[in-house]
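Okay, here's the structure, questions in a sec.
When the chains are written out, they are named A, B, C and D in that same order, and each has its own residue count from 1.
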Amino acid sequence: MTGQAHTGRPRRLLRNLSSKIASIPMMLTAVVIFLGGTTWTVVYSFTNSKLLPRANFVGLDQYERLWDAPRWIVSIQNLAIYGALTLVFSLVMGFVLAALMDQKIRFENTFRTIFLYPFALSFIVTGLVWQWILNPEFGVQSVVRALGWTSFTFDPLYNADIVIYGVLIAGLWQGTGLVMCLLLAGLRGIDEDIWKAARVDGIPMWKTYLFIIIPMMRPVFITTLVIIASGIVKVYDLVVAQTSGGPGIASEVPAKYVYDYMFQAQNLGQGFAASTMMLVTVAIIIVPWAYLEFGGRKRV
Amino acid sequence: MRFMAAALAATVVLPSAAAYATDLEVTHWWTSGGEAAAVAEFAKAFDATGNKWIDGAIAGAGSTARPIMVSRLTGGDPMGATQFNHGRQAEELVEAGLLRDLTDVATRENWKEIIKPASLLDSCTVDGKIYCAPVNIHSWQWLWLSNAAFETAGVPVPKNWDEFVAAAPALEKAGIVPLAVGGQAWQAAGAFDVLMVAIAGKDTFNKVFKDKDADVAAGPDMARVFKAAEDARRMSRGTNVQDWNQATNMVITGKAGGQIMGDWAQGEFALAGKVAGKDYTCLPGLGVNEVISTGGDAFYFPVLADEEKSKAQEVLASTLLAPATQVAFNLKKGSLPVRGDVDLAAANDCMKKGLDILAKGNVIEGTDQLLSADSQKQKEDLFSEFFANPSMTPEDAQKRFAAIIASAD
Amino acid sequence: MQKSVSIKDLSLSFGAVNVLENLNLDIGDGEFLVLLGSSGCGKSTLLNCIAGLLEPTGGQIFIKNKNVTWEEPKDRGIGMVFQSYALYPQMTVEKNLSFGLQVAKMPRPEIDKRIARAAEILQIGPLLKRKPSELSGGQRQRVAIGRALVRDVDVFLFDEPLSNLDAKLRSELRVEIKRLHQSLRNTMIYVTHDQIEALTLADRIAIMKSGVIQQLADPNTIYNAPRNMFVAGFIGSPSMNFLRGEIAGRDGHPVFVTNGVEFALDGYGASEALQPGRKVVLGVRPEHVAVNAEGAETHQATVDIEEPMGADNLLWLKHAGHTLSVRVGGARRFAPGTAVKLSFDMGLASLFDAGTEERI
Amino acid sequence: MSDSVALKSAPAAASKAEPWGAKPRRALSGRNIMLYGTLIVAALYYLLPLYVMIVTSLKGMPEIRLGNIFSPPLEITFEPWAKAWASACTGLNCDGLSRGFWNSVRITVPSTLISILVASVNGYALANWKFRGADIFFTILIVGAFIPYQVMIYPIVIVLREMGIYGTLTGLVIVHTIFGMPILTLLFRNYFSALPEELFKAARIDGAGFWQIYLRIMLPMSLPIFVVAMILQITGIWNDFLFGVVFTRPEVYPMTVQLNNIVNSVQGVKEYNVNMAATLLTGAVPLIVYFVSGRLFVRGIAAGAVKG
C-alpha cells in the first residue's frame, strides 16, 4: 500500500497490509490460544489423561461418567438457576438504579461510587465477606436474634435448598454496579428529543422506558449481556470462597467441577470432558448470535 | 538434646555440602503458624549445610498449589524441590521423567532400614526406584472430645464411639452439637474412612481400598459402617463451619462434643492451651479399634539441568531425614517422625498413644496411598453430599460407594 | 475539453447488492460536475471510489490520464470536503490544515505559505489558533474546504458539504464555493441531493438512480429536456405535471389525448415519429402553463388551492380529471373555485413513452 | 450512504453529563422520597460489607470472638493493619503484604499497558480497516470470553514453554493480554466504530496511513475509552491470583498470593481482623482507581458501549 505507481490490482494478501500486521496478535490469540486450546481440550477429553495429558483414547467414557455423576448434574442445575437469576436481577436492578441515577439527582457521584466499588474487589474477597455476613452464628441472623426476634432464621449458606441464592446475593453485590454503569451510559446516549416526544405524547414514564428507551438501548444491552454472561459461565472463585460448593454438593458449579477434577482429582480427561460440555453449551448459544451480531455487517 | 541433634545433623551433611553451596527453591503449602514453624526447621537445617532454602509457600493444598507445581514442572521451569502427596498422586510425574531418582541417596543413607513403617518408602517407590523423601506420618483415626461439653450435658466422657452416640441426645438437649464436621468435602470423606476402620475393621478396610473389592463394599459389614455414618450425620447437624480448624475450635470451646479428625488437630488444642486428658480426650480408632493409618507428607525433587542444584537436592533429601531435623520438624508439626530410631521425649499423651500403636504395628496405609486422587475425589463428593443431605439413605450411599470402588483403579 | 477524471466501466457491489454497475463518466479539466440523486442512489459511493476510499469491484478510474484505480487516496491528487466537516477535534485550525502536508513531509515554510493563502481565500485567518469546537458550522466548513485547498490538488471532491448547515448559511457558502471555482478553475466533483445546489453550481449535472447515471448534461438541458421521467420528476419544484394518455391523429397532425381532452403537439420537437395509439406521458412544468392567456388552444380548469409564495403564486387546478400545478406571478390572485383557461407551451413540454419512460 | 455520522455523535454526546429525565419538583415530593429512599436502601446494601470489613479490621481478636460483626469497635486498634502489611507470614517470609506490593505493581503496569495497546489496535483495525476474515477472528475472540480460565492453563503452559518464556514476566504479560483481549477489543471496536467515519476518511485523503491515523487522529480522541480499559485491566490484573502464581516464580509473586496465604491458611486460628485488613490493603489500589476516575468511567462506557 505504498505510493508506488502501479496500475494493476494489488495482490489480495497485500491489501490492507498494515491492518493485517497489526491484527497478528489478535489472530494468534484467536487461532492458537482460543481455537487451538479449545481443540486441544476437546481432543484430550476423549482420553483417560490423569495428571498429565496423554493421548490414550477411550472414546466417550469420560462423558458417560460425567453425566452419571450427581455432582455434575447439580452443578448444571445450579448454573442454570444462578445464571438465569443473575441475568434477570442484575439487568433489572442495574437498570432501575441507572434510571434512578438518571433523574438529575444530587450526590450522583457518591451514589455511583457506592454502587460501583464492589467491582474493584475480587470474587475471593466478595465471597469471604458475604460468607461472614450470612453466617448464622455471628452474621445477620445472630444480630436480628439479639434484637429480640429469637426465631428468626436466615442461614442461606447452610441450607442446601437455598444456598445458591446466598451465592447470588454476593454475586449481585459485586456485579450490579458495572451493569448500572453500562446502562446509565446507555441512557445518557439517548437523544433528549425522545424524552420530549414521549412527554408531549403523554406517555407515562415507565412506559417510555419499557417500550421506547429499552429497545433503543439494544447495543448497550448486548455489550452488557456479553460481560454478564461470560462472568456467569466462569463463576468459580466466588463459590470457592463462599461455600466451597457446600453444604455437601449443593452449590457446586461447572467451572468448579472442571477445576477440581483437573487438579484435585488429577483426572484431566474428566475435567476436559466437563469443560467441553460447557463449551458446547456456550457455543450453541453464542456462536450464531455472535456471528450475526459482530460478523457479516459491512461498513460503507 | 536439641543442640546435640543439630550438631549431629551438621556432621552428617556438612562434608559433602560445603563445596556445593547453592540456592534451592522449595515449594510447599504449609503456611499456617504451626506448619510454617515446622518448615522453618527444615530451612534452618538446610541453610546450616551452607546452601540456601528459597521458600515458595502457596496456601491451599490441592486446588491451588498443585496446578502451580504441575505447571512449573511441565512448563520447563521446575523448582528445586516440592512437597507433594506421595503415593498414587505423583506416579505420572515420575513416569513422565520429570522427577528425579533418589535411589542413590536412599541407598547411601540406608533409608530402607531406618524408615518405619516400610510402607512409607513403598509409596515413594516406582519400579524399584525411590523418588521421594517421606518426612512425617499423619494418622486420621482420632476422635477428639471436649470434656467440658460432656460435663455441661451431665454425662460422662465416652470411651468409645457407641457411648458417644448414646450420649448425643444429652448433648443436644444442652444445646451442644454432638459431632463437629466442617463443610469441606475432604472432612466428611475422612471421617467416614475412620468410621470404617473402627467399625468394620482393618481387613474390610484393606479389602475395599487395597483390593477394590466391590462385593465387600456392598456387603453387610459396610452396611453397618453406613448406619454409623448416618448416626454421625444426625449428630453433626448444626455445624455451620467450613474449615476443619473452625470445627476443632467448636470442640475446644465446648460448643461441640467431639470431632473426628487427624492428629494435626492436637496442634489446635495445644495452641489454645488445652491439656490432653484434662480438657480434652483423644480416642484413637474411635476407641473401638486402635488402628492408625500412616499417610503423610513427602518431598519430590524435579530433574534439574544445573548440576550444582542437583547436588544441593541430594543434600536437602538427606537433611530432611536426618534424625535431628525429624525430631524438630515433627514436634512442631504435631506429626510422627518417619524413623523409628529417634526419641520423642517431648511428645504429649495423645502423640504417645499414637507412637505405641505404631510400635505395635497396628497400622494401615492411608487412603491417599491406596486410591487414586480421582477415586478419592469421587468419594469426597459422595460423602460430602451424604453428610449434608439428610434425605439420602445409607443404602443409596452404599450403592454409590460400591460403584466408585468397582471403577477404581 | 481535456479530460481530468475519467471513469470506465466502474462496478461496485457489496455482497449480492450492486451499488454501481458499469458506470462510465468523463469529467473535463476545470469542470464543476454535480452528482445529484436521492440517498442510496450511489452518488456518494461513486465519489468515495474516485477518492480511493472504497475499492471498486471492477472497472478503472483515471485522474489526469493516470490509472489510479489502486492508488492510495493521497496519491490521487484530490482533496475532499465532507458533510460533517470531519475536522480533527483535538487539533487547532492551523494543525488541521497542515496535518496532511506534514504527513507528506513538506518543508515548514511551504506549509506556512499554503496555509496563509488558504486562510486569505477563505477568510479564516483569525480562526487559525482555534479548535474546531470553538467554530460555527459555517466556519468549520470553510476550514474543511481550506484543508482541501492547501493540498493544491487537481480535483476537489465535495460530499454534501452544505447539508449540515441552515438555509441561510447554505446559500451563502454556495455562492462562495462558486466563487472559489471561478477563481481556482480546478475540477470539482460535488455530491448533493439538493437540486438548487446542483442547478446553481454545476457546469454539468449527472443525475443518478440505483447506481446508474440517468442523464449527464448542463443544468439547462437537464431542466428543459430531461431524458426520462425520473430526471423530469426529480428536478424542479414543484414537480413537473405528468399527464398519462395516448397519441391520436387529427387531420394528419399528432395530438395528445387524455381523458377525452386533446392537446395539439405541433410545437413539440419529437425525436421520432409519433404513431397514433402510442401510450405516452406528457410532462409540463408549472411555469410553462399560461393562465387566461390569449392563445390558440385553451383548456378549461378550476382553481382548487392557491399557494401564494411571494414572488410566485402556485395554483393547484382541476383539469380533465388531473391535478395540475401552475405557477403564475405573485400579483395574480385566484380564489378557490374560480374557472380559468389554460394554454400549454408545447415547445417546452416533454413527451415520454409510457412503457420505457424515455423521452420521445 | 451519504448520511454519515455527524461529528457530534458519540464522544460529544458522552461528554454531556446532564441526565434527561423529568425535572425535579419540590424537594420533599412523594416522588423524591421514593427516589432517594430507593437509592439509599440500595446504597446500604452495597456499603454493608465494606463497613463490616473496616470495623472488623479495627477490632482486636478477643472482641471479634464476642460476636456481633456489625457493632463498632469498642477499642480501635491498627495492629491488624500493621500485621497484614508488615509481619503476616507466608511460609517462612514474615514481611506481610508489603513483599508483594511492588511485585503487583511490576506485573500490573506493563500488563495493563500492553493489553490495552494491543486491544486498542485490534479494535481500531476491526472498526476502520476491516479485512476479509476479520470478523471470524473477532467472533472467536468473543466466544473465547466465555471459556473458563482454568481450562486454558495447560495449553498456555505448553505454548509459553515452546516460546521459551514460561516463568518470565513477559510470559505473564502475554497471558494477561490474551485474557483481556476479548472484552477490551469489543469495547475499543465499538468506540472507534462510533467515531465519525468521515474523520477517518479525511485523514486518509490527507495521506495518513494505518499507524499515523491511529496515533495522531484516533488516540487523542479516545481518552474516555482508554480510562475504561485501564480501570477494567488494573482491577482484573491486580486482583488476579491464578495467573500470577502459575506463570511466575516466587520472587515476583503478586500481592494476592500473600493475601491468599493469609486468608486461606488451613491451620491455626483465623485472624479475621488481619484478614480484613489484608483484604482492604490488597483492594486499595483498584479502589483508589475507582474513586478517582469513576466519573470518567461512566463517560467512557457511554462512548464505548452505546454502539453495538
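Throughout what follows, contacts are C-beta pairs under 8 Å (C-beta built on N, C-alpha and C of every residue); 3 or more make two chains touch, one makes a residue touch a chain.
Bear in mind the structure is a predicted one, so any value in this text is a computation, not a measurement.
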item	value
Minimum number of chain-to-chain touching steps separating chain B from chain C	2
Chain of greatest Cα-centre distance to chain A	C
Cα-centroid distance, chain C relative to chain D, in whole angstrom	53
Chain centre separation in whole Å, for chain B relative to chain A (CA means)	38
Whole-Å gap separating chain A and chain D, where each centre is the average of the chain's CA atoms	15
Residues of chain B touching at least two other chains	67, 74
Two or more partner chains touched - positions in chain D	1, 150, 154, 260, 263
Of all residues in chain A, the ones touching two or more other chains	1, 15, 259, 262-263, 300
Chain D contact footprint on chain C (complex, rising order)	19, 39-40, 42-45, 48, 51-53, 72-75, 78-80, 82-90, 99-100, 103-104, 132, 144, 147-148, 151, 159-160, 163-164, 191, 193
In the complex with chain A, residue positions of chain D that touch it	1, 10, 13-14, 16-24, 35-36, 38-39, 42-43, 45-50, 52-53, 67-70, 118, 121-122, 124-126, 129-132, 134-152, 154-156, 159, 177-178, 181-183, 185-187, 190, 193, 197, 209-211, 235, 239, 241, 256, 259-260, 263, 272, 275, 279, 282-283, 286-287, 289-291, 294-295, 297-299, 301-303, 305-308
In the complex with chain B, residue positions of chain D that touch it	89-93, 150, 153-154, 157-158, 160-161, 166-167, 245-247, 249-251, 257, 260-270
Residue ranges of chain B in contact with chain A within the complex	62-63, 66-67, 70, 74, 89-93, 96, 183-185, 240, 242, 372-374, 376-378, 381, 384-389, 400, 407
Residues of chain A touching chain B in the complex	50-52, 65, 69-71, 131, 135-137, 155, 157-158, 160, 240, 243-250, 259-267, 270
